[in-house]
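Structures are listed in the sections that come next.
In the two complexes below, chain A is the common chain; its partner is chain B in one and chain C in the other.
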Partner chain A sequence: MASESVTNTMAAVPSPSSRRVAAGTSVWGWLARRLLTGVAVLWAVGTLVFIATQALPGDTSTIVLGSTATPQQIAALQQQFGLDRPLLEQYVLWLGHVVTFDFGDSLVAREPVTQLIGQRIGNSLVLVSLSVLISLPLSFLVGLLTAARRDRPLDHGVSTVSLVLASIPDFVKGLLLVLLFATTVFHVFPAVSLIPAGDSALSHPDELVLPVATLVLSVVPYLSRLFRASMIEVLDSEYIQVARLKGLPSRTVLLRHAAPNALVPAVQGAALTLAYLLGGIVLIEFLFGFPGLGAALSEAVNGRDLPVIQAIVLLFAGAYIVFNILADLATVYLTPRLRTELRS
Partner chain B sequence: MSTVTTTTPTATAAEAPAAAVSSNHRANVLGRRALRIRQTQIGLAITAVMVFIAFVGPYFAPHDPHALVGLAFGKPSSSMPLGTDYLGHDVLSVLLAGGRTVVWMSLVSVLLGLAAGTVIGVAAAYSRSWIDGALMRSTDVVLAFPNIVLVLLFVSLLGPKPWLIVLLVAAAWAPQVARVARGAALEIVGKEFVESSEVLGVPQWRIMVRDILPNITGPLMVEFGIRVTWSVGLIAGISFLGAGIQPPAADWGLMINQNRAGIVQQPWGVLAPVLCIALLTIGVNMTAEGLTRAVAGGGRKEDPR
Partner chain C sequence: MSMGESSEGRYEDRSLSRRKLLQIGGTSALALSAGGLLQACGGDSEPSGGTTAAGSTEITGTPRAGGTLRLAASGAAPGPLDPQIIAPDLETAYYNVYEEFTGRDRRFQPTNVLVEQWEPNKDASVWTAHLRRGVEFHDGKTFDADDFIYSVNRILDPRTGAAGIVAFGAVARMRKRDAHTVEFTMNGPSGAFPTTLPNTRTAVVPKGFDPTKPNGTGPYRVVKYVPGQSATLERFDNYWGEKALLDRIEITFIADGTARANALLSGQVDAVHRLDSSQVNQIKGHPGLRVLSGPCAQTGPIQLPVDHGVFKDLRVRQALRLAVDRQQTIDIGLGGLGTPAYDFYGLGDPAFDSSLKRERDVEQAKSLLKQAGQSDLRFELVVAPQASGLVETAQVFAQNCADAGVTVKVRQVDIGTFYSKPQWPSNVTSWPGFNILTIAQQADTSRGPYNRTRWTDAEFDAAYAKAYATLEESERTDQVQTMQQVLFERGSWVVPWFGYNIGATTDKVAGTNADDLTSYDFLVRDLSRMYFV
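Up next, the complex of A and B:
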């Protein structure tokens, strides 16, 4: 597969070398600046969410309550959001609440947003981390095998299959799995998760199978391409040629000499996967009725539950920024060249 | 992305950017090269069939897609080969009517996003000043939202209107396109022919349009193909959530949402739109892959070992 499409999906996570800083800064200085930009982006995201939800023209109270709302309801809502105050004051108040993780009460569930989200976070974490834990080694294995058999039938076969898999939208893949394994052909797994609220998803393993499988099938085509490309780059380097010319068995060359160096992109790969899955879980959790953050977001959107929408959107954006900083940090830590450049 | 984005330096060098060629010419050359690749041929064929179904299909529908022709979730029969849906409409007729929205919305949103992203990216690269940094930092802000979350946030506030979704999807792509356009343009802005245009006193906008744009056509075409694939998934996904196209309109994503409850009795109500979306995205993505290869294959005859 051409490298362009790999770098393309990586657009959100630039290569480590692009994050090079001017000589003369220490690792700590670099990290401090990175954290600072992260906070600045998060603040800008928050402001955008505020503008969208509170300052946008249009009457928020009728959006939330519908046109049948009574004046009392509207007044109560305006007080809850502070809509009756000047915009700047609203903004400062809102920021203060957000910084202290106070998102108010859900308009639908009538309970604190933090409590509602707290129950869901664990389930989404289980779903996402299981998908990452399966996808990363699997993609690495596929990347290794296809790189070692470059341009042979195995490579071509895998690349065709992964092109097709990468094409199909995630939720459509999920529906195909449901049609295949839960309804018409086989009846192996439940089509919809029936995990009671407050129950951990881990205690219902069979209801995790199809959602996790869908996410794995969505991520592996991209990640394995990434690993294949990085493996090929390593295999083409001189030290591998030297190892081959020394007459080392090809298995040793592949596993001992090449594979460890092809692993560095795994860090960016993992960050990329996590960032991708943040968006991915919205449709997949809705599809399987999985009680996580993604399903909570689509429920909130359908119920016009503004406080919940605000909280989840900010949480997703924050997680995205944190994943990226962690990935950069790990890449710098794992790549001696970058470390030296930062020090010198 | 200073000096390090030189993964295909030989390819670009071999195609020695000549200032005189127009974007159209470059696109034609790349298009013709892509057409010789089998993936493009298969991809284009599938895409053509699906687009044909989406736009011409409604005229061949056996029933009115809004007419109740049977019981809900009825099994396939001779007059209704795909059975009936959750209300009793003919699934085949709804299917034939439901492709148009997703196709035009995806296409228009990508064209808008591509245009906006190219303007931002080229301007950032050519400005060579603080404007570059400012533009790129503002793309960071949009990129922090997962695409679907960005769209859902504004749709929940402004209502599920098709044009709004098109604009939001375009806004989701623009920063990503801008990064690609900027990266490609950075390699061009330092070239001699750009400098000579500057010395000659050619206006800046003209340099951007005449000198820079034609030389980044390749990456932009690749972007176009990939983004169309993802737009179809995103737009169909939003309708699937119930936040996109609203009933009584017919739409593939919406059909899946409506007929999901009957997936066991009458799987066709879900399977048919699922297959249509899958085929459309496979077709578009294979075409995009062919384009990618044509662009990456550039001046090289074979894969250097």
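Up next, the complex of A and C:
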């Protein structure tokens, strides 16, 4: 009966790579292959970003100088920044530095990129981790409950709310939360995340509430639907029917027999969520003035600060790849059939 | 110069829809809140001081030293605190950490700062700067002629990217006479030289200045600065002039105006600057908060390049000037917070001619276009959100032009794109509140480096040259008025409005005065005079 559920679950999760793990002889070989592919993807992303930033009209010199720039001033700054060199030369120089983890100096702030984004990585990490830590169990719980009460009032109510939430753009949700809890109706939480430089975001829990709430509200509607669907699939399977016919209490059926098999999509969902949140923080951090990577990215794009843009995008891409590999690994270890195949 | 509301193309759409959304959101929140609670506190009860359309201008009380003021400042380009280059978020430092050679009061009259006296020779071809004595930099170094000369040379070096380079354009030689005297030999008579220096980033830095180690002579010193995020200033106790009242200023840079307003609304900061009219409506009537606003000389001119194409024809330019509805542009673009302008600049300049006015006349515009053979004129107008109201100005202008049969296609770009080209076919831009001679020097004379429309006029150039050369105030006023007349009759800009200074504070903050025509940053300029009541 377990194999039935695995097939069902696997059908629900688009994860061909997990199968490859099973087919391969060693998990290490698979991991090495995945990591190599990851590096290739990073290189491709980096190159794309390099080309894309070159295609943006204007460069740092014109932006730093503003509307009152003279051609001589622009030329002088371009030379200073190395922007007057041939494109290929700039690219090769950049690539050479990146492989040694040297992202260069920010053109706008004139300090090392690593120093500039170091603390912001921590802040964004706090934001994303908290959002995931809240949304995953919450979505799982909501999915479980709505699946168990399928087509009952609770299910319909939650569906309607999810649909409404899902159809509101993230920044609108953020604005509504600000209006409701910070500026207009109640004054409970700060509207803007003024986290002093040097402080960890964790030491300012107040400032985290609204950004995290916004991200949670953007993710939970999707994830809970995903969990509901996979839970329903599991609940409809024959082994659950057997369990029920055997006379097990429905609580036991739900929690001991059904829920573990719905965990696999949860893991894949977590990876999806993390990936989505990486994009989501760009918007949310701008909205709340949160000093994280997303805000740094939008500032860098505005300032055409190429080294900063490239470093942050590479970081995002790297994180994306790592999340996916971890999710695939977890999928294997959570799926008994795949696990056994790997052992044998 | 930009104001810092920079965004990538995709964001602009969002910030626009966001503003609308705020209004909608505000309305629905109003509907949601039971019992008209909000309406009850929505009454207009402004405290002491004069009031204008949007709020108070001067807030007074009993000055008292001490306290930490938290300020949300606009900020887009997180650069080092270099007071000689243009970066939107550096205003706070420019006015408080550093000082100018020569400053100006709220009506464009020069004030002595680090140059105690400017002494001209008979025909003003040589200027002697007598430097203030007993001035100390924040690191303890004494200010002298070497710092002064270093500062000017740094501005004149194109690699610095200093905006003040134009103001010193007429300087031929500079010579140190003694530790407190510097002599400038000019290219010719330059009677107006010191009066064109203020407000153009002509700040004094110590010899061998390193922008990453802020060190000025102003009333506050930098304790901590994180580019693009925050700055902490502390009162400089060895300041040569009237010492600041506040102990400390904690500045947070927040690029988005709505987020700045929100920070004040939720009690996270005591003061915000550079707001626009939609945020005024959000703050106004909020208990414990106070909107401060007053007219200023900042403009959003529509520039029509005359070196090629249709705008070469004066009739076309005049037709567009007749077609624009100035009051409507102010009402829609600036939420009513503006002063009509009539195609030249310099509101508040002592020589400003307020008698030159132009009524909207669509029929006249049509007939001029017909004479010019441009009855179905169409062109593209490029605009970036450099300052609040510019995009809306372009949109209202396009609608106004449609009444006269002209099709204007508004193309909105982000600031980076806008600056990427030295000249756009036609565009809306932003000019800070400089005096007339300063803007003319930079943008309208035939040799002006920022003359983006390539407009030249012999009479204008001659009047400018005389005004710049003379030492006689009355002669200069005459010439500056001639310049305004020429701009009014045949210039290349459509100037629909002068903007407003808008900031807001809690009602615990006093010592602010929004009546400052010369800048849109009165709040930041007044930091050393502000105190808590």
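Keep in mind that, in the parts below, the second predicted complex is superposed on the first by the 269 of 344 C-alpha atoms of A that agree within 3 Å, B and C clash if a C-alpha of one lies under 4 Å from a C-alpha of the other, contacts with A are read in each partner's own complex, and residues count from 1 in each chain.
Note that contacts are C-beta pairs under 8 Å (C-beta built on N, C-alpha and C of every residue); 3 or more make two chains touch, one makes a residue touch a chain.
A quick note: this is a predicted structure, and the numbers were derived from the prediction, not measured.
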{"item": "Which superposed partner A:Phe316 touches (first chain B, second chain C, both, neither)", "value": "first"}
{"item": "First, second, both or neither for A:Val164, with chain B first and chain C second", "value": "first"}
{"item": "Chain B versus chain C as contact partner of A:Gly279, first or second or both or neither", "value": "first"}
{"item": "Which superposed partner A:Glu111 touches (first chain B, second chain C, both, neither)", "value": "second"}
{"item": "Which of chain B and chain C A:Asp236 touches, first, second, both or neither", "value": "first"}
{"item": "Partner chain in contact with A:Val41 - chain B first, chain C second, else both or neither", "value": "first"}
{"item": "Chain B versus chain C as contact partner of A:Ala330, first or second or both or neither", "value": "neither"}
{"item": "Contacts of A:Ala52 with chain B and chain C, given as first, second, both or neither", "value": "first"}
{"item": "Common interface residues of chain A - those touching chain B in one complex and chain C in the other", "value": "56, 58, 63, 171-172, 175-176, 178-179, 183-184, 191, 286-287, 298, 301-302, 304"}
{"item": "Chain C residues within the chain A interface of the complex", "value": "1-2, 6-8, 11, 14, 18, 21-22, 25-26, 29, 32-33, 38, 72, 76-80, 85-88, 158-159, 161, 163, 165-166, 211-212, 224, 226-230, 252, 254-256, 259-260, 262-263, 265-269, 282, 386, 413-422, 429-430, 442, 449-450"}
{"item": "Chain B partner contacts - residues on chain A that touch it in the complex", "value": "1-5, 7-8, 11-12, 14-15, 17-18, 20, 37, 40-42, 44-45, 48-49, 52-53, 56, 58, 63, 151, 163-164, 166-172, 175-176, 178-179, 183-184, 191, 236, 275, 278-280, 282-283, 286-287, 297-298, 300-302, 304, 306, 309, 312-313, 316-317, 320-321"}
{"item": "Interfacial residue positions of chain A with respect to chain C in the complex", "value": "56-59, 61-73, 75-77, 80, 108-111, 116, 171-172, 175-176, 178-180, 182-185, 187, 189-192, 194, 196-198, 286-289, 291, 296, 298-299, 301-304"}
{"item": "Chain A-touching residues of chain B, taken from the complex the two chains share", "value": "1-2, 4-5, 7-8, 39, 137-138, 140-141, 143-149, 152-158, 176, 179-180, 219, 222-223, 226, 229, 232-234, 236-237, 240-243, 256, 263-264, 267, 270-271, 274, 277-278, 281-282, 284-286, 288-289, 292-293, 295-297, 303, 305"}
